[in-house]
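A, B and C are the chain letters, set down in written order, and residue numbers restart from 1 in every chain.
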Amino acid sequence: MQPVSIYCQSIEVSLRTGPDIADITTALEQLIGESRIETGQLCATMVGSTGSITTIEYEPGVVEDLKQAITSLAPPGREYEHEKAWHDGNGHSHVQAALLGPSIALAVRNGSLKTGTWQQVVAVNHDNHPRKRVIEVTVTGLAG
Amino acid sequence: MQPVSIYCQSIEVSLRTGPDIADITTALEQLIGESRIETGQLCATMVGSTGSITTIEYEPGVVEDLKQAITSLAPPGREYEHEKAWHDGNGHSHVQAALLGPSIALAVRNGSLKTGTWQQVVAVNHDNHPRKRVIEVTVTGLAG
Amino acid sequence: MQPVSIYCQSIEVSLRTGPDIADITTALEQLIGESRIETGQLCATMVGSTGSITTIEYEPGVVEDLKQAITSLAPPGREYEHEKAWHDGNGHSHVQAALLGPSIALAVRNGSLKTGTWQQVVAVNHDNHPRKRVIEVTVTGLAG
């Protein structure tokens, strides 16, 4: 039986004031190439409590629609308990990120992500200022 | 030390116009049986940007309550930017699916999913027409 | 090539009536120590359909803000179909938990969780009474 191997790496992406959404699919595909893993899974985790990861069809309309929905979940204008102690104005960012969740698990098949044709993996910055976000990636599986 | 093995497979489920919710627990348990893995984890990923995966108690009342909550998150009647370019009427589907997320990671113990007695794994179709949805499944762990 | 190993364990945490939120980061770090795995991933799954897992900055303000946001997603006062058959008063608990999701995938680097400095892993009880919640944890990776 062929042994299972594991490949760990991180990617960085610069994001504007939240909610901002970046397509990280190409960066993940590159890591899979480096890993030489053909069949298995990829887990990606946002480092930091004001970011999240999900998938969408990365076209400008959906991106805008998702930004609005995220803002509605926890609008910046409300009163947040977090502000009373910290005064950093990002109470909404923490709530939004916790609701979306920091991680994703994807299938790797034939050395590539097995996602839909119009399904891209995205990193979301919810913070109230631009952030360079780090995503930790772990690929587990069998080499070709 | 016993080597870790990995088993990859996909399942298909026919769903009605979204939000529609199907119990895929039995199909996942069958794949675990095929994998012969006794201890480890199972990751399942929805292929396509208008579907999602989560767990619920799969009884008709909760299923209906969850459908209503999903619809409230992004109602079909609103104006979506996605529509202005694509006119396919499913802007809400994309937003709903991105908020719920396409993937899940579950524990495999004693050759079975370690979930609650009333906790079923469900696939959700958010699209505005019936869809045959594909879920990619990766089981990683130790054989018995 | 060093073989990949896997370590499975569960943790328990006592939670009050939902939404209640507990920091499980220290318990997860202890399991990673027991596993002797230095590099890989950790998947954690809430057992039961009225609990969820996510990450937040675990300070009292954010915890309170997240509780309020969770309650807004599915308030206890509404009429739920689940109640009509079961009369157990926790229709909102099921909906909240399904929207947040039961699982998380985190990176293990240098024998520790690779999360942000102010990012803690939390277990959420959504049920309408105190619960001892069980979380299944699977650590996969390479020993040091």
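We adopt the following convention: contacts are C-beta pairs under 8 Å (C-beta built on N, C-alpha and C of every residue); 3 or more make two chains touch, one makes a residue touch a chain.
Keep in mind that this is a model prediction, so the values were computed, not measured.
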item	value
Chain C and chain B - chains in contact with each	A
Same or different contact residues where chain C meets its copy chain A, judged by the half mark	different
Centre-of-Cα separation between chain C and chain A, whole angstrom	18
Interface hub residues of chain B, defined as touching at least two other chains	3-4, 43, 73, 99, 101, 104-105, 140
Residue ranges of chain C touching chain A (in the complex, touch as defined)	1, 3-4, 39-41, 43, 54-57, 59-62, 64-66, 69-70, 73, 99-101, 104-109, 114-116, 118-120, 122, 140-142
Parts of chain B lying in touch with chain A, wherever the complex brings them together	3-6, 8, 43-45, 47-49, 73-74, 80-86, 91, 94-95, 97-99, 101-105, 136-138, 140
